[in-house]
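You will see two complexes here that share chain A, one where it goes with chain B and one where it goes with chain C.
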Partner chain A sequence: MLYMILKKCFFLLLFFTSLIYSQTNYLSPENRKLFADYLYNQDDYLRAFDEYRIYLQTFENDTVKLKIGQMLIDMKRYSEAEDYLKMLFWGSLFSEEAKLNYYLIKYKTLLPRDFRSFTGQRLYYPEKYNIYVKKLEQISYFYQSYGNPDSTIMFETFNDDSLAFRKVKEFYYRKYYPEKKSVHWAAGLSAVIPGLGKIYTKNYSDGVTAFIVNGLCAYLAYSNFNAKHLTRGWIFTGLSALFYGGNIYGSIASANIFNAKLSLDLSEEISNFFSDKNFYIPKF
Partner chain B sequence: MKFILFFFISVTITAQTDYLRWEKKNSDYRKKAIIVEVESNNKNDFFSFILSNSQKVYKTVISDVDGENCPFYPSCSTFYVESVQTGGIIKGTLMFFDRFTRDLNIFRDRSIYYELPNGKLFDPISNYLLKPDKIKLKFKD
Partner chain C sequence: MNKFILILLCFVIHGTVKAQKLKEVADSLYLAENYFDAVTEYKRLLFFYNDEKNKHYANFMIGNCYKQGAKYDEAIEYFSKSLLYASLDEEIFNTKILLFRVNLLRRTTQNAEQLLKEIENDYRFNDSANTINYWKGWLCIFNDKFKDAVYYFGKAGSNNELKLICENTQKQLYSLTKAKIFSYFLPGLGQFYTGEYLSGFLSLSWVVLSGYLTIDAFVSERVFDGIVLGDLLFLRFYGGNIQNTEKFVIEKNNSIINRTLKNLQENYKGIKP
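Take a look at the complex of A and B:
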């Protein structure tokens, strides 16, 4: 008897559980949005974008559109991002935020010179967030290899953030007043003491090696001449002269390489710094 | 019944595709050759001719036997030939002696060079032509 009751209970439980379970629509737009929000927080933008897109087929949601715009910018799908953001330009609460992100896209695609001519047109200009556009304008100077920006305007724009101010100031001085090594000094120093020019360009071990090699060849030449081994003496004199000349030439090349490396390192540092900070554009 | 069994077994056998994954494959451990085109107005003069032929002899008689020991890319012998072809005998020789001094450096700071996937240090001729706009600090395939 008990067995029969338990059996019935079990089947009833199974029936009702499956009935209740089947009533939940996991693929409803609301659930998709919740899942997409979770994916967005996990930075899984590719999947979040797909879920949000399906959600937008049923509902109108400006927050979702703005999120999609920002995700697409991060995924470097700029033209798609522009389309989503432009939907918000008129009659939306997020109009200004969308316009700011639109300017970020323009900044990333028009660098370095054309961005400032674009901002000059003030097309869809985000008046509320104009300080961020000004920051973008100032940052764009760092990607330009010619001309000097007005340092007062540049420092003033970043004055609200102490770290940004410090870094911008540092980048400004490193870019426009770099501590380059003089090729003439490098050559002159190497001519006086072989290897000193390389030490001047911070190639310390090369400098010391050049000094040893030159000294050794000169000593061998001198000792061979002293020992009346004239042929060997002239061979080492020749070698010594070639190493000496090569070292002077190499010091000039080393100074050139040092200067090139200086600007390459700086441009990489600038690029990494501002990308990490999302170019000082807030994420909404 | 026999037909069903035959059908079942034949489908089961043909569905096994794992052998494709586990089949024997001939591995190729050879490193990809790196070729850099030197942007230069090569001078095919007398010295270049002598040097390039001397390099061929050196490669065959010494380098192939001794092994590829130069830490730089291009190697010192290639550097000399190409620098003479690019800059002439005097400039090329000075470039080579500078390179040779750097090769002799046993306390070499590897961080100042761009390291290639095969462990060689990228040190192209263009960096030593004294033309700052020609300097290549990174290797691009």
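Take a look at the complex of A and C:
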């Protein structure tokens, strides 16, 4: 008898479990959150954001709000990110983290000087993460073309990380003391000895070619005039003048290209380095 | 025991019905061309009902959504995932053909060719020779080989429209070899062949003038002058004339091919990549 009752109870339990399972709604807020987490891990922020947003209509969850803020920053939707982060500024466990991300938004949206003056106001300042804001301030100097930051402060800020310290030091010297080539000097050198300006700008093969072609044409012009072959003399004179002018112009262009490349390469390197490190802002 | 099996069946059927419902929602979004939401629902299907059959189907459909949205890298990623879970020959064939088509659209034609070779060498798809030839024809179109495309569309049968289009295009195309040979023998003639008369005339004039100056130098026994003039002027203009011909042929052919592709895109009603 007892065995029969137990057996019935077991089947009843199994039945209700199956019933509950079958009624599991994949659009319930809990399931939406689970699904959003899955999308978030796949870096599908756009869809994760939609799912989290619907989840937040039912539940309050600060972790989700912070996650949304960070996702929106990654998607460059800064004003929306600000709205979500501001919800956490007061009475949340993640208040400081939200404020730090708010400063990251300011860093990304303001001009370098404006960003530093904003941090000076200390509005919603994340005291706990003071060092990260300081790092942002120092990084911002690399994105402006004027002024010269205090190198001691800059290096000290990154003292806690040997790679960052080394890179910041390298970027500092390359930005503020670049080994540029003088355009006038390149032109002058090419005017005196054709091709020398190009060699000065490290364009060796062009320099040697310019020297040979100029020398050859000038010699042939001289030789033809000497031999009274006036037509060919004038043709070679024309060619010489063309190559000589081209060699000076080319040296100026080569110096300009060298300097532009120096600056562009550095900007790209700085940008890639700090972006890869998320500007030294931790992801929470 | 029977009751136990019955309840377990209940359990499984309920889950399958739910997955089916989710699939229907996703499919309706796909059919309504709402690809963004369709991808979300297919991903939801993958997340909640993660069995092999759904994995193949959902990944396949996500790939299709991305293909429709011209996000070819993502489409290839999901079609490749889908291929991993394909169990039936038909599923494998369809997924590989779609991978091939996306590669065509992405202009990674070497990958597309490799995929088509794989399909062709697979004995399971021996019955699909016509389909394979049809896509080989398209591969040739994307590789600018219209003559070969005519051959493959002919082999595929029942594709007279495509065959005719390719034949017409082939007739319009300029032969690069012919144009270059013309320019080798008579500078400027290659440009005349492509209808660029002014350029052809200028080329001819420069080559004649520089040739005259070079010969004149040799005749005056100024050998070194002749060599330099020949190198700096004559060869420069003679070589330039051939390069110029090549450039015109490529330009004109590109314009003809682009016109054909545009026509295919807008007016051809059959299956396209």
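Quick note on the criterion: the second predicted complex is superposed on the first by the 252 of 284 C-alpha atoms of A that agree within 3 Å, B and C clash if a C-alpha of one lies under 4 Å from a C-alpha of the other, contacts with A are read in each partner's own complex, and residues count from 1 in each chain.
Here is the rule we use: a residue touches a chain if its C-beta (ideal position, glycine included) is under 8 Å from a C-beta of that chain, and two chains touch if they have at least 3 such contacts.
Treat the numbers as computed from the prediction; the structure is a model and nothing was measured.
Looking at the shared chain after the overlay, A:K167 reaches neither chain B nor chain C. Of the two partner chains placed by the overlay, only chain B lies in contact with A:G246; chain C stays clear of it.
Which of chain B and chain C touches more residues of chain A: that partner is C.
In the superposition on chain A, contact is made by A:I257 with chain B only, not with chain C.
When the two structures are aligned on the shared chain, A:L216 is found in touch with chain C, with no touch to chain B. Shared-chain residue A:A227: touches chain C; no touch with chain B.
When the shared chain is aligned, chain C comes close enough to touch A:I235, but chain B does not.
Judged by the touch definition given at the top, the superposed model places A:D206 against chain B, while chain C stays out of reach. Comparing the two complexes, no residue of chain A contacts chain B in one case and chain C in the other.
Touching chain A in their complex are the following residues of chain C: 3-4, 7-8, 10-11, 14-15, 17-18, 22, 39-40, 43-44, 47-48, 213, 216-217, 220, 222, 224-225, 228-229, 232.
Residues of chain B that touch chain A in their complex: 91, 93-102, 104-109, 112, 127-128, 130, 132, 135, 137-138. The part of chain A that touches chain B in the complex is made up of residues 203-206, 208-210, 213, 242-243, 245-247, 249-250, 252-253, 256-257, 259-261, 264. Contact residues on chain A toward chain C in their complex (touch as defined above): 11, 14-15, 17-18, 21-22, 24, 26, 31, 34-35, 38-39, 44, 47, 50-51, 216-217, 220, 223-224, 227, 229, 231-232, 235-236, 239.
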